[in-house]
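The first chain written gets the first letter, and so on, giving A, B, C and D; residue counts start at 1 in each chain.
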Amino acid sequence: MRAEEIIATHPDVQGKVAQNLIAAIAECLSCAQVCTSCADACLAEDHMERMRQCIRLCLDCADVCVATGLTATRRTGSNEALIAEMLAVCATACRLCGDECARHATMHEHCRICAEACLACAQACQRAIGDVGGGPSDAVGDEGPLGDNADAPV
Amino acid sequence: MRAEEIIATHPDVQGKVAQNLIAAIAECLSCAQVCTSCADACLAEDHMERMRQCIRLCLDCADVCVATGLTATRRTGSNEALIAEMLAVCATACRLCGDECARHATMHEHCRICAEACLACAQACQRAIGDVGGGPSDAVGDEGPLGDNADAPV
Amino acid sequence: MRAEEIIATHPDVQGKVAQNLIAAIAECLSCAQVCTSCADACLAEDHMERMRQCIRLCLDCADVCVATGLTATRRTGSNEALIAEMLAVCATACRLCGDECARHATMHEHCRICAEACLACAQACQRAIGDVGGGPSDAVGDEGPLGDNADAPV
Amino acid sequence: MRAEEIIATHPDVQGKVAQNLIAAIAECLSCAQVCTSCADACLAEDHMERMRQCIRLCLDCADVCVATGLTATRRTGSNEALIAEMLAVCATACRLCGDECARHATMHEHCRICAEACLACAQACQRAIGDVGGGPSDAVGDEGPLGDNADAPV
């Protein structure tokens, strides 16, 4: 992941990266891949009928993680309210999926790994909420929505 | 959109579709396309530097709408808590994007259309939250997470 | 779907929409929803172990359809080569998924609907390739990659 | 990224992971994040009107990379033809985006990083095509589409 490297070069960030947000972005994209893989592995298990809820939660979690990782990546303008809400819902998705995977962890190694990835992602999202909503951070654009965005009369 | 037609045939739904949820799914996918198109059209405008915040909110809204439309589509097992949270965050994304687009609506026809799509999607998501969290609806699986999902000792 | 309405207002399109491309965009987003729904319904069937390949192809098809629908939506600058390739790979994904779903169509109504949606999307993508690669169409930006995009020496 | 760790535990893979495919999956998800970030950073540049084509190619590339990374992750059943086509179109998307970013690399550090990520991803996808289409690899399911997927008469 080059997330920190590239975000540090953003004109509105200029090196002052929000470490917790960067960590959450990387965990989200990794968790999306892991959940996609776990859903797929569950589908190949002998007793796949026991894995229905697990597959479903993994697919939901993957969708939410992709959307969270990409929206949290953007720094131009400002959308802190949305990013904070997305991080919170992503933490929910990860906890629900991680709890279900944890129930199958002794039977299926992929569920054990997925439970770990979900827990790590939930914690990273939770920590990143402070970066977004809090004081001066790279997620808080200097110009924000009051910048040069309006079609001011010429 | 064949959303209602196909969801009605789901083994756990059997015709009792949640109309508000179906409407929200269709609006989410349409809004994702409209926001992607509006961001792209803003990018082609002469004074695109005034459209930075609009482009950014459109891209965020598109990401959230895709994830919401797909998670809200699933009926196997249960994940009502997550769907309700996603519908709420999607309503937020649409309101923020729609408000910004509305500011440019007299200048740019694509922003006027996008503001309308965002408003329609925000309202549809808000209405659908009742379908999900409320009483008997197709989103509430009969078996739920207490079903045959656990690796019970054989 | 407001795809035609909003694309018609794009500064580089100005009303001259490529009808086949618009149709493909709408089919792609609809097919993504249908495939997500069919995979989920297959997962709830009694003999879900027979539906493994169907679920897998539906999930793949949904991913490809979303990406195709969104890239095909953009008109600023130019990326005809990529759009044509994506339309072709999307037609492949839809044919593979549609053929598999067709095998289950008499047993499962959701597979019958999904097979129809996949066939319609495959045909729409195939037809749209001509719009993209061909002569003057809205997908062929006037300025293209030789436009004002380069960081010319000041 | 836990891509290798989790794919190695898949019932149909059992440790025999296709190294090139794993590498491509990780590059795809990283490249999706980098392209999303580069598009966003371009949008914040002073002379953003010169970055139109770059932003557009970055957004297209991000969409294709996400879809490729997720479809290439799946191992249940078989879909080699589609994965090989997706890897090829992803290599195209990355080359087009990387070439455009390379033109701005001396002016914008984020474009330099994005060009590197795109080149790495294009090469990884190209190498992975051999893993998929070739002989015995984890992408070639043992049961394949001829497995227990059909609704055989009972």
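By our rule, a residue touches a chain if its C-beta (ideal position, glycine included) is under 8 Å from a C-beta of that chain, and two chains touch if they have at least 3 such contacts.
Chain-to-protein mapping (UniProt): A, B, C, D = Four-helix bundle copper-binding protein.
Not measured: the values here are computed from a predicted model.
> At the place where copies chain C and chain D touch, is the share of residue numbers found on both sides over half (same) or under half (different)?
Comparing the two copies, chain C and chain D contact each other through largely the same residue numbers, since over half are shared.
> Sort out for me whether A-B or B-D is joined by the greater number of C-beta contact pairs.
Looking at B-D and A-B side by side, A-B shows more C-beta contacts.
> Take the average of all CA coordinates in chain B, do the same for chain D, and state the distance between these two points in whole angstrom.
26
> Could you work out how far the Cα centre of chain A sits from that of chain B, in whole Å?
18
> Spell out, as numbers or ranges, the residues of chain C touching 2 or more other chains.
In chain C, the residues touching two or more other chains are 40, 43-44, 49, 52, 55-56, 59, 66, 70, 74, 76, 108.
> Show me the residue ranges of chain B that touch chain A in the complex, using the header's touch definition.
47, 49-57, 59-60, 63-64, 66-67, 70-71, 74, 76-79, 81-82, 85-86, 88-89, 92-93, 96, 100, 103-104, 106-107, 145, 147-152
> Per the contact definition, I'd like the list of chain D residues that touch chain B in the complex.
Residue list for chain D touching chain B: 40, 43-44, 48-49, 52, 55-56, 59.
> Spell out the part of chain D that touches chain A in their complex, as residue ranges.
Of all residues in chain D, those touching chain A are 1-3, 5-7, 9-12, 25, 29-30, 32-34, 36-38, 40-41, 43-46, 62, 66, 69-70, 73-76, 108-110, 113-114, 117.
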